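In what follows, structures are represented as structure tokens.
In what comes next, chain A is part of two complexes: it sits with chain B in the first one and with chain C in the second one.
After this line comes the complex of A and B, so read on.
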């Protein structure tokens, strides 16, 4: 009995370890091939990048606007509430809020929102193609599915995440100023002070946006390509895409923040 | 041109109203099923395990790095003003009240909510729900209510675990990145935070759990069109949950202070 249980434990651990290594290897290969595929200009359909940019960027516009402006207002509300309790001096709220938004909160929150919307969309689409054997059909006609499916989404996502991030930063700052003015009577002139924002903040913020924007399509494309055939397959792949791309965003954000703090801030 | 514009706007509004109506109707059905509370206890127990216990690793991972990110933001000030006494408070306050519930809620929606949509959607597609109805088993009492209750309870409990892990992560990274000792972190943390801050976040977490459960069950049982439809439903469900979490966060922050 005990022997059997202990064998089972080792079997489970070994099984999981092997699975993790296989997954890591496949993800690494997908990433490598995606970067390589950026330079395969011929195997790309014309207009595909623009189509994906529309799908990823324009159609997330409303979602990002609503979620980020609500989050901006909430964050200012919480900060002002706490400051009221301690000092009551709200002249520093605006500048520090703007700084914090640019180098920290806007990149991670925008990317989390896009990981949810775009990541799930990519995995659902590619997963459906896998289940209906369209991916096999692509391979049979000599087209690399990574070049054809993931690379256009990759390029489009980098651009659109960056643009949406800049838009989101402006929107969050406006929403925050509105909240601070209406609920706590902070003057707009006192709030909109951009002196605290350094080049370092801008560099960290944009690096984060670029890295997150490139991670989301790769991770969710990988989840879509490894969909298991069957009626549960697509749903599971979509779930995995949301979780894995969100986690990738959080971990990458942490790494870039730590490096940024040690070098340029 | 103009008529097609109005047609598309109208179609979107109709779709949106249909979803809202469907979710409200689902809410009504759940209330009915809970008066008197009669639902499948085995299924409830199974879901508690599947949704709660199995999500612990992902919640711990998320919370640990979230704590790290928060302490890095706080240590920007430490570098500038030498304000080590603010790190524990800053990290604790932001994790307890906002960042903890929101990020954990989003991860929960990604892992549990979308899994739930996929599962219910697959059952719809393979006609298992019709099978239940044919056996005179109420799908609401058997499938939906246990899941909704399990998600509310489990997101609440997972947020407690997540808060502990995030604060520990913040203390650990605070020591090695910002150079704040554990004792200093603890003093700042324990003197400036109140039980109210923790409860504020936990109330939010329970309500987020409810939002995620309603959304995911609604999109799950209204799946149409095979495996492809399941994928679309999961996609819609996570988007709707994220939207719901953020909007209700805004409303709740105002109303519970």
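After this line comes the complex of A and C, so read on.
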């Protein structure tokens, strides 16, 4: 009896370990082939990158605008409120807020929002194609599914995450300034001081946007390609894509921040 | 010139689906792989084109062993052996014409400037020319099946695999698809493997039948031999009775 239980425990642990290694290997191969696929110009459908850029960028525009402007206003309101209770000197709110947004908040928040909206969409589309054997049909037609499905989304996502990130940074700063001015009387000239923003902040912020933008379609595409059978499988793949893309963004953000702190700043 | 299975086994985790499949189809012949649902018929044919890898055993396409080929090495095999999937598997985002043109373009079967004309010819051959510009969601299942057949023909294959081509179709459309399969096999001389449990199709157009049961080929022979067989399992399958010796997965 004890022997049987211990055998089952070891079998379960072994099974889980193998599954983790297989998943890690598959994700690595998808990532590698996606990077390779960027240079396979001939296998790309004309206009596909633009179409995906529209899907990723334009359709996330409102979502990013509303969320980040609200966040900017709430953050500045809370900071000003607390400062009023202590010193009342609001002169450093603007410069520190701008630095923090560019360096840390905007890249991760923009990417997390895209991970939920874009990641779910990519996994659902590719997952549906997997369960209806369209992925197999692509392979039969001489088309590499990674080149055809993931690479255009990968290129479009890098580009659009970067553009949306810049837009989001401008918007959140404007929203913050608006809140500081109208609720606490902070002068716009006092708020819009960019002295604290260094080249290091700009490089780290930009690097995060580019890396996060590349991680979302790869992780979501991997989740789509490994969808199990049926509509339940597509649902699970979509959930996995959102969770795993968000997790990838958080981990990569941490790594870039750490490297940035050790080297650039 | 043939496709041969030799003692092919396939397991998914601890579940053994195929337990030693041995069979072959010659060029110009129509082989029906039959059996109850879930018995492993589709799994069997997907091994030929590398969509699944066998646990053990070998598969030969015109004398070339394919069981250990890598994805890129399968490209010439997939030009030689085309497949029509069970649900047609047309690409939703492409028009009917683009669906047929895609393999022509990617496998470089015709020069780029002739892809459109060739795709139209193929659609004409299956009677779908006037639907060239519509999208798969706008046409019925029988039409989708014909477009999927045109897409498979685009590769000018020596062999075509059909995965349950008449399942879900009305009887009239089903017989029309049968007629199309028969015409293609006889006119073009392609070797054809049809996975099916549709008796009118099986007895209508097959040259040979291979019945999969409990992971093995239970019967291989002509349709006349199959019909004449007094084996109780074969008789139960033909009569479609629920009571009898045949075990079916899930029941």
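Methods note: the second predicted complex is superposed on the first by the 263 of 265 C-alpha atoms of A that agree within 3 Å, B and C clash if a C-alpha of one lies under 4 Å from a C-alpha of the other, contacts with A are read in each partner's own complex, and residues count from 1 in each chain.
One rule holds for everything that comes next: a contact is a pair of C-beta atoms (placed from the backbone, for glycine too) under 8 Å apart; a residue touches a chain by one contact, two chains touch by 3 or more.
Because the structure is a prediction, the values reported are computed rather than measured.
S.K.: Looking at the overlay on chain A, is there a clash between chain B and chain C, or do the two fit?
M.R.: Once chain A is superposed (C-alpha atoms), there is room for both chain B and chain C without a clash.
S.K.: Angle chain B-chain A-chain C between C-alpha centres, in steps of 10 degrees?
M.R.: 100
S.K.: Check the residue A:238 against both partner chains and state whether it touches chain B (first), chain C (second), both, or neither.
M.R.: First partner only.
S.K.: With both complexes overlaid on chain A, does A:111 touch chain B (first), chain C (second), both or neither?
M.R.: A:111: touches no partner chain.
S.K.: Going by the contact rule set out at the top, does A:141 touch chain B (first), chain C (second), both, or neither?
M.R.: The answer is second: A:141 touches chain C but not chain B.
S.K.: Which partner reaches more residues of chain A, chain B or chain C?
M.R.: B
S.K.: Applying the document's definition of touch, where does A:74 land relative to chain B and chain C: first, second, both, or neither?
M.R.: In the superposition, A:74 contacts chain B only.
S.K.: Tell me which partner A:133 touches in the superposition: chain B (first), chain C (second), both or neither.
M.R.: second
S.K.: After superposing the two complexes, find the smallest distance in angstrom between C-alpha atoms of chain B and C-alpha atoms of chain C.
M.R.: Nearest C-alpha atoms of the two chains are 12 Å apart.
S.K.: Which positions of chain A sit in both the chain B and the chain C interface?
M.R.: Of chain A, residues 132 contact chain B in one complex and chain C in the other.
S.K.: In the complex formed with chain B, which residues of chain A make contact?
M.R.: Those in contact with chain B are residues 63, 66-67, 70-71, 73-75, 77-78, 81-82, 100, 104, 108, 112-113, 116-117, 120-121, 123-125, 127-128, 131-132, 230-239, 242-243, 246-247, 250-251, 253-254, 257-258, 261-262, 265.
S.K.: Going by the contact rule set out above, which residues of chain C touch chain A in the complex?
M.R.: Per the touch definition, chain C meets chain A at residues 46, 49, 51, 71, 74-75, 78-79, 82-83, 85-87, 89-92, 102-103, 106-107, 151.
S.K.: Contact residues on chain A for chain C in the complex?
M.R.: Residues of chain A touching chain C: 43, 129, 132-134, 136-143.
S.K.: Which residues of chain B touch chain A once you look at their complex with the stated criterion?
M.R.: Interface residues on chain B, with respect to chain A: 58, 61-62, 65-66, 68-69, 72-73, 75-76, 79, 93-94, 97-98, 102-103, 106-107, 109-111, 114-115, 117-119, 121-122, 125-126, 177, 226-228, 230-235, 238-239, 242-243, 246-247, 249-250, 253-254, 257.
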